[in-house]
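Okay, got some structures for you below.
The following pair of complexes shares a single chain, subunit A, combined with subunit B in the former and subunit C in the latter.
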Partner chain A sequence: MKHSLSLQIGPVAFRIGSTWAAPLDALARLYAGYPEPDRICDFTVRLEPESPWRRWVRPSVAIHGDYVLPDAAPMSLAHGLLAAEMGMNLQMALGQKHYLLLHAASVEKGGRALILTGESGAGKSTLAALLGERGWRLMGDEFALLDLDDGRLRAFPRAVSLKNGAIRVMEREVAAERFGPRLDGTPKGSIRHLRPNPRALEAMAEPARPALILFPRFGEATAVRPVGQAEVFMRLTQASTNYVSLGGAGFDALTKLVDACPSAAMDYPDTDSAVELVETLWEQAA
Partner chain B sequence: MTGARYIADPEECVQSVALDGLSVLFHRPSGMTHIVAPPAPQILEALRMGPADAGEILARMRAWYDLEGDEAADAIEARLEELEAAGLVSRP
Partner chain C sequence: MSGARLLVSALRDPASVRDGDWNALIAAARAEQLIGSLAFRLEGQKLPPKLEAILNAARRDANQQRVQALWEAEMTRRALAPLDIPMILLKGNAFHAAGFGASVGRSVGDLDILVPRESLVSVETALIGAGWERMKDADGYDDLYYRQWMHELPPLIHRTRDRMIDVHHTILPTTARPTPDAGALIADSLLLENGLRVLSPPDMIVHAAAHLFADGDLAGGLRNLWDIDRLLREFAVDPGFWPRLAERARLHQLSRPVALALRLAARLYGTPVDPSLADRGRLTDRFFEARLLARNSWGQPVRPALRFAFYVRSHWLRMPPLMLARHLWVKAKS
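Then we have the complex of A and B:
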């Protein structure tokens, strides 16, 4: 490919190739300070024109790689950074075999990990990003990687993908230099990426033992409800992109996780109450 | 009473973990995961002794559990149909 960039994110090494320089320049700025992989990359993402002439005329980016979704819609070149991010997500979601992949955010304190999972819009990315600025180590906002061998969580601190209202919440908290460009009019509304802080990057190779699973939900009055283990298990199978393909190994890892970790569903009206609630539940779980 | 007879896969084909009074089963031949409530795990346990109909399953279960009333056989019949639809038991 004409332009390329390699990135180590937690245990995963990516190579991103592109026909155009602009998406990779944006990606390189966003991922400043990330280590370069010292081995062959696990996954390749390619950003290419949808057809040869589309490189010049209203250019649109098709996401290709080792694993491809046949129906993935091409994106405008202005959203090339988002295309690169989505391409990395896609390779993980479809190709990761070493870890049980949970669509969840995770943060760490004292060697123990808090897993935040829930549907899109539940606020897990924002909450994890906020906790990452307030005394916790951000392990990842999108995927939690559960090690099939030892049951520990591995960090995958990609840039945090902030959407719509969450952008302003984090702009108040973090210096401008850690943000990518604001992307308006994407399929998910407005998006702005945030580079995790130096602590998250320095410790990206350090695993943590899962200690608490929370199901946050934004926009409701503060409330905490217990969630039965079988329901936690079921929700996590739904939150996993590779549970089925891992077979018995995934079943073992997930049942052990659910059995070992307390869990709760929490509703919150705003991010400050969410942080307070998380701290309280964390203390109770300790 | 004689009804349809069922068989279950041997124990090594189904991995079972109890979570909060429910059982999570991993069925190795199909790769599918099931969450089942009592008496489904007990029915599977009884069927591992060999093919049986609902009445025989109930008799086996009575040896292990304190079951009362005759409605239990109907309940077992209904659960067997669900387990068959899930692929966890079959008719020989």
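Then we have the complex of A and C:
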């Protein structure tokens, strides 16, 4: 491919090739300060025109690579950075077989991990990013990787993908140099990426023992409810992209996780009360 | 070296892999759905730890695919048991069920089965009663096309297990020029200890060759040819195998595709083949080889003109000219 770049995110190395320079330039700026990637990459991502003439005429970026979704719509070149991010996510979702992959955010304190999971829009990305600026280590905002052999969580601290209202929340919290460009009019609305802080990057190879699972929900009055183990298990199978394809190994890892971790559902009206609530629940769980 | 070339030489001679473009090898193996086969083939070689970890995950995944494939075959056997007809597993599922060397690391997607043509309606009804559903628009052109001209029913998908099944009544479209003897395929099939059925070894080779060279545009061809290599090495231990293969290829009117499969397996994977069956090489063999190897170090398909030529060829093989014209007309309008 004409342009290429490799990235190391937690235990996973990506090789990203592109027909155009712009998406990779944006990616290199956003991922400045990440460690030197492994020479052998786990996944290849390709950003290329849907058809040869679309390189020049109304350029559109098709997201290809080792693993491909057959009906994925191409994206505008202006959103090339988002296409690269989606390409990496796609490889993880379809091709990750080392770890049980949970669609969840995670943060760490004292070697122990807090897992935040819930549907899109529940606010887990924002909450994890905020905790990452307030005394916790951000392990990841999108995917939590559960080691099938030792049951520990591995960090996957890619750039945090902030959407719509969450962008302003974090702009108030973090210096401008850690942000990527603001992308308006994407399929998910406005998006701005945020590079995790140096502490998250320095410690990205350090695993953590899962200690608490929370199901946050934004936009409701403050409330905490217990969630039974069977329900936690079912919700985590739904939050996993590779639970079924891992077979027995996935079942064993998930059973151990649910057995070892207390859990709760929490509703919150705003981010400050969410942070406070998380700290309280974390102390209770300790 | 191209990605596909790297892949072929690693499969052919695992000891020859050297510290090189590992990323190209992995990308090509994934694109050709040969990562599991490669992972087992390279087991025991001295490799960088990172590569070893990637291949280890691929082996684990392949083992899980085997479990799922056998489970799907068993569920289908149970669904069709009341009909009391022979149900024969084809392709990857058959290799796994029979425990052939070709199944080591072999990826499996859909389940392919062969049943007698006169049982098609009752098979479809039984499957739908057991949780499979139609995918294509039930009376659109595609559905009609399948039922009238193809060698299989329109694909069905299982409601809860989300797995596809292709029910065949023969091994080539009815519009293709060769007419394989479907009755003989079924009559000679083997009953395995686990209650499942597979084609006889010579018919298995004939089917693999027909699938690769008498139908389709050679997409995924390196994997099909790797199947042929593994199967031939296992079957040829029996000295009576080659004459039986010659006889069955003639019976099914597929001697030329079988000869071509033998020549290309020998060329790419070094498969030992009977020279009288493989016949003399032809000039066009080079085009087939080039098409099979048309993938670069990023896993991208290359040589678009050659690929397009094989795409056109696949339609030409499948349909008489007038029918092809009508098909293209309908497809262009939709």
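Going forward, the second predicted complex is superposed on the first by the 286 of 286 C-alpha atoms of A that agree within 3 Å, B and C clash if a C-alpha of one lies under 4 Å from a C-alpha of the other, contacts with A are read in each partner's own complex, and residues count from 1 in each chain.
By definition in this document, a contact is a pair of C-beta atoms (placed from the backbone, for glycine too) under 8 Å apart; a residue touches a chain by one contact, two chains touch by 3 or more.
On a predicted model such as this, the values are computed, not experimentally measured, just so you know.
Trainee: Looking at A:Ser273, would you say it contacts subunit B, subunit C, both, or neither? Reply first, second, both or neither.
Mentor: After superposing on A, A:Ser273 lies clear of both subunit B and subunit C.
Trainee: Between subunit B (first) and subunit C (second), which, if any, makes contact with A:Ile40: first, second, both or neither?
Mentor: second
Trainee: Which partner does A:Thr186 contact after superposing on A: first (subunit B), second (subunit C), both, neither?
Mentor: In the superposition, A:Thr186 contacts neither subunit B nor subunit C.
Trainee: Taking the superposition as given, does A:Met1 touch the first partner, subunit B, the second, subunit C, both, or neither?
Mentor: It touches subunit C, and subunit B stays clear.
Trainee: Using the superposition on chain A described above, determine whether A:Asp259 touches subunit B (first), subunit C (second), both, or neither.
Mentor: After superposition on chain A, A:Asp259 lies in contact with subunit B alone.
Trainee: With both complexes superposed on chain A, which partner does A:Ala249 reach: first (subunit B), second (subunit C), both or neither?
Mentor: So A:Ala249 only meets subunit C here.
Trainee: I'd like to know which partner A:Gly17 touches here: subunit B for first, subunit C for second, both or neither.
Mentor: In the superposition, A:Gly17 contacts subunit C only.
Trainee: Looking at subunit A, does subunit C or subunit B touch more of its residues?
Mentor: Ranking subunit B and subunit C by residues of subunit A touched puts C first.
Trainee: Could you tell me which stretches of subunit A are touched by subunit B in one complex and by subunit C in the other?
Mentor: Correct list for subunit A: 247.
Trainee: Across the complex, what residues on subunit A touch subunit B?
Mentor: Per the stated touch rule, the residues are 228-230, 232-234, 237, 243-244, 247-248, 251-252, 255, 258-259.
Trainee: Please name which positions on subunit A make contact with subunit C in the complex.
Mentor: Residue positions touching the partner: 1, 13, 15, 17, 38-42, 44, 46, 48, 64-67, 95, 97-98, 245-247, 249.
Trainee: Of all residues in subunit C, which touch subunit A in the complex?
Mentor: 22-23, 26-27, 30-31, 48, 50-51, 53-54, 57-58, 60-61, 64, 67-68, 298-300
Trainee: For a test of understanding, state which residues of subunit B touch subunit A in their complex under the given definition.
Mentor: 15, 17, 19-22, 24, 26, 28, 31, 33, 35
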